[in-house]
Each structure stands twice: as C-alpha cells, then as structure tokens.
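These are the structures, in structure tokens.
Presented sequentially are two complexes of chain A, the first with chain B as partner and the second with chain C.
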Partner chain A sequence: MSWRGANGLRPWLMQRLSAVYMAGFLLFALGSLAGASSVSFEAWRDWVGQPLVNAAMALFVVALLTHAWVGTRDVLMDYVKPMALRFPLLLLFALIFLISLFWSLRVLFSVAAA
Partner chain B sequence: MRFLIYRYNPDDGQKPRMQEYLLDGFGNGDKLLDALLRIKAELDPTLSFRRSCGEGVCGSDAMNINGRNGLACITPLKELGETVEIRPLPGRPVIRDLVVDMEQFYHQYRAVKPWLTVHDPEPETEYLQTPEQRDQLDGLYECILCGCCSTACPSFWWNPDKFRGPAALLQAWRFLADSRDQATGDRLAELEGPYHLFRCHTIMNCADVCPKGLNPTRAIGHIKKLMLKHHV
Partner chain C sequence: MPVMAVVSILHRISGVAMVLLIPLLVYLFDLSLRNPQGFQTVLAVLNSTPVRLLEVLLVWMLAHHFFAGVRFLVLDMDWGVEKAVARKSAWLVHGAAVVTTLLIAGALL
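Up next, the complex of A and B:
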C-alpha cells in the first residue's frame, strides 16, 4: 500500500475504519454490560481488567481519538483560513488528544495490572 | 403574488437590498421564469437575470428560490406560496441582481478535464461500448452545469478555490466510469490530497437541490472507493 501524497484518502479511511470499530465495540460493551450479573464498581473493574476487554477498550480509545483528530482537522481546515491561527490550533488539539491517549492508556493498564 | 427580489447594481453606489414586486394573473402552468419575465416587461426593466432555453436544459436561470437553489424555468409558481423570495446563487460574487460570477465554478469544472482521454491509437470507426458499459454513464452525463449543487454546498462555500465541488466531481466520475477512458490513474492522482475531493463531508445538499435529480454525493463516494482500490 502506497501512501505517498495520500493526504486526503488516508484520513478519510482512518475516520471510516475507526467509526466501524467504535460501533462494534459499543455493541460488544453494551451486550457485556447488559449480561453482567452485578452492577458495582468491583464488577466494572473486573470486567475492564480482563485482558481482552482491556485491549479492546484501549483500541477503542485510539479509534475515538483518531476519529476526533480527523474531524477536528477537517473543521479547522474548513473554517480557519489564516495559517498563523490554524497551525497553533491543530497543535493544541494534537496535544490534547495525545495527553488524553496516554492518560487513558495509563488508567486502563493500571486496571489490567491490578 | 408577492415577489421579494435581491437587487444590486454596482454602478448606483447602493448596498444590496430586497425589492418587492406585486403581480397577479398567472396561469396554472406558469413557471417562476414567466413571472420574472413579466416583472421585467411590465414593472421594472432594470431587473437583471440570466435565462435562455426556458425549459431546464441550458442551466442559465439557476437562482435561490425561497432559500433553495433551483431553475426558475421549471419551478411551478403554484408550488411557491404567496410570497416568493428570490436571491442569487449563494456564495458567488454578484455581478448584478440575480447574475453571479461563475468563473470559479467553471475553473473547477475544467480542472477535472471533462473530456475523453484515450492513449491507444484511435479506432477506425467509432468507440464501442456494451449496453452495460453505457449504462454506467446514466445519472452522470445529464448534468447541465447550472451550478445549483456546487453553490448549495457548504464545502464549496468555504473553499471554492480548492474544492472541486459536486458538479465538477460528478463529471470527474462520469469519465472515471467511462469504459473508453484511459486516464484513470491521472484523474485519481489529480483528486488526491485534502482539498480537491476530500472536502466533501457528505452533507448532500447537492443531491437535494439538483434540478435534474442527479446525485453528486453518490458519484463522490464512487470516486473515493475507486481511489481506495487503486491504493490497496
């Protein structure tokens, strides 16, 4: 697969793929929670602590932030014309999404390790 | 009936304004263009608008009718209510009254090279297509370039200099879908990047307003899928 100059197709594809994954994960998560025997913090933590669920949820966070990044980039490209304003805004959102990513992963892995 | 029409004359130094015209006595089959012609003939000869064929073939009299782009010549008056608000196509520079500058629209149309490109030696007789191959062009070739779709598209409003717009992209797909065309790679390469094709966010105003009932959004989806196939 060649991505040379694929500045339009790749983000579009990422947005679609992440959307499909998120929809699938949400169905799986809702199904699992609906079938849960007890509704408590411990039960919730045990569920998230299962390696498969933990990994799937980590991937969900990645998909969510990828999706949000493509959408934010689109909005800024459409509405913010001056580069002197667009670039710092892109940087700001990239930073927010990156921090969110590492923070979420840290929380998820702390539950998995417990 | 009451007509509120956008007026602007660059020579009189006035700001654009809405002018009211009252006119009655229309026939059952009369179209909006009939009303505009009567207003110009009976009430105000300074009113400017484009028109030519008068039957939805030339695409000259595209305008914003009660907030919706359409062709005046095929819009029945009786569907419009008692008050009709008429404005020029949105997002285009106004030359005068309902006449707008479509140069950017034509620029984007030219940019997709809307003609057949064949690298092989030309055939002795005509190019042959199967009926199935010909069917692929239905819903594409009928475009009359009136500009209703592109000027209803928010993505085209924000980036008319970079985004090709629904009308041009419909024609891009018309030649990508043509079994005789041999420039698929070049056409796709030209549309790559964040602006030319991918400013489309499937808002679908284009398909909603097209007076010929065409669906540029679907064509754009086909282009994206073909581009994906070419990259994988």
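Up next, the complex of A and C:
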C-alpha cells in the first residue's frame, strides 16, 4: 500500500501529529507567558523574537493551519454534499488558510529579524 | 443524545468556530507586534467587557477541543474503547473543559 494511496491515512496522521505538536506548544507558551514579569510591547516582541520561540511559533502556525485544513475538509465532506457548493467552499478556505500562513510567517520573520 | 456523541459534535462545532476566528487572530497578532500603539490597541480590545465574555467562550471551546482531542488520540490507541469507560472519559472531557475554563477565566477576569 503506497503512502499516497492509503486513502485517508495521510490526512488522518497529519491531523494527529499537528494536534500533538500544538498541545505541546500551548502548554509551553502558557507556562512561559504565565511567568512573564511585565505586560509590555517590548517584552512581548522580545519573547516572540527569541529564536527558539520564533521557530516554535512558525511551526505552530504550520501545524494549526494544516489541522484547520484537514478539519474543515472533513466537515465540508460530511455536511456539504453538492459538489457545486463544496468545491467553492474548499477553495475559499484553502485561500484563507494560505493567506493566514504567509501573513503570520511574515510577521514572525519581521520580529525575528528586528 | 449519548454523552459520547455530545463530545463529538462539540469537537466539530468548536473546531469550526475557531477556524472562523483565524483571520481575526492573525490580524491581532500582526497589530500587537507592529508598534507600541498597536500593542495597546490590541490590549484595549482584549480587555473590553464584551470581548472578555467572548474570550471565556473561546477558552472553553479550546479547552473542550483540546481534551476531546486527547480522548480521541487515546481511543485511537484502543485504550478505553469499552462503552462504560468511553462514557466516563466523555464526562471527564466535559468536566475538565469547564474546570480549565474557570481557572483561566479566574486568572483573566
């Protein structure tokens, strides 16, 4: 059984891998931000700009949008049966997720480079 | 509706609701990192009373989605698939989501 030919296995696996990564990142971020001494623009930008946090956030964005795409696809395939409606909706969400991906990566990169 | 089905449907509803929030969250993230004024604007929005109530709802959705997701991962490994255990773990998801929401809401409000 080829990887791509394993019907539904790849999205199924991506959904779970992205979930596990996001769970780990959320716990780390919650712990790290809970111990923050001040709420300020500088402190926030410095935190996001730390190389490790910045890279972990970039991976989080990829995981989140992959997870959102697989989930949205599953929901649309289950509840929107007419192809004339399902296809444009899939396209719309693909576009929203792609824009969100490049937009957030650009923000993360700008802070990392600052 | 059996409690396991409620967990499944809430997992879907919370997932779709959070997906619809993604563009707004990316915008707020961008604004918060642009300059000190943008950061203050985001803080002011997040601290306004109506938004705070929505944040509590968002925290509950995220917590529920999180715990229900962990439960699905465990079920995938064939653990706790017996009906009595699956029913208990479904109740545990609802309970853990409410407790987490109360804890975080208490810290935020």
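Simple rule for what comes next: the second predicted complex is superposed on the first by the 111 of 114 C-alpha atoms of A that agree within 3 Å, B and C clash if a C-alpha of one lies under 4 Å from a C-alpha of the other, contacts with A are read in each partner's own complex, and residues count from 1 in each chain.
Going forward, contacts are C-beta pairs under 8 Å (C-beta built on N, C-alpha and C of every residue); 3 or more make two chains touch, one makes a residue touch a chain.
Computed from a predicted structure; not experimentally measured.
Enquirer: Once the two complexes are aligned on chain A, which partner has more residues of chain A within touching range, chain B or chain C?
Expert: For chain A, the partner with the higher number of touched residues is C.
Enquirer: Under the stated contact criterion, what part of chain B meets chain A in this complex?
Expert: 154-155, 158-159, 191-199, 201, 224, 227-228, 231-232
Enquirer: Contact residues on chain A for chain C in the complex?
Expert: For this pair, the touching residues of chain A are 16, 19-20, 23, 26, 39-42, 44-45, 48, 64-65, 68, 71-72, 75, 93, 96-97, 99-100, 103-104, 107, 110-111.
Enquirer: Considering the complex alone, what residue numbers of chain C touch chain A?
Expert: 12, 15-16, 18-19, 22-23, 26, 29-30, 32-33, 35-36, 39-40, 43, 66, 69-70, 73, 76
Enquirer: Which of the residues in chain A end up touching chain B in this complex?
Expert: 1-3, 5-9, 11-13, 74, 77-79
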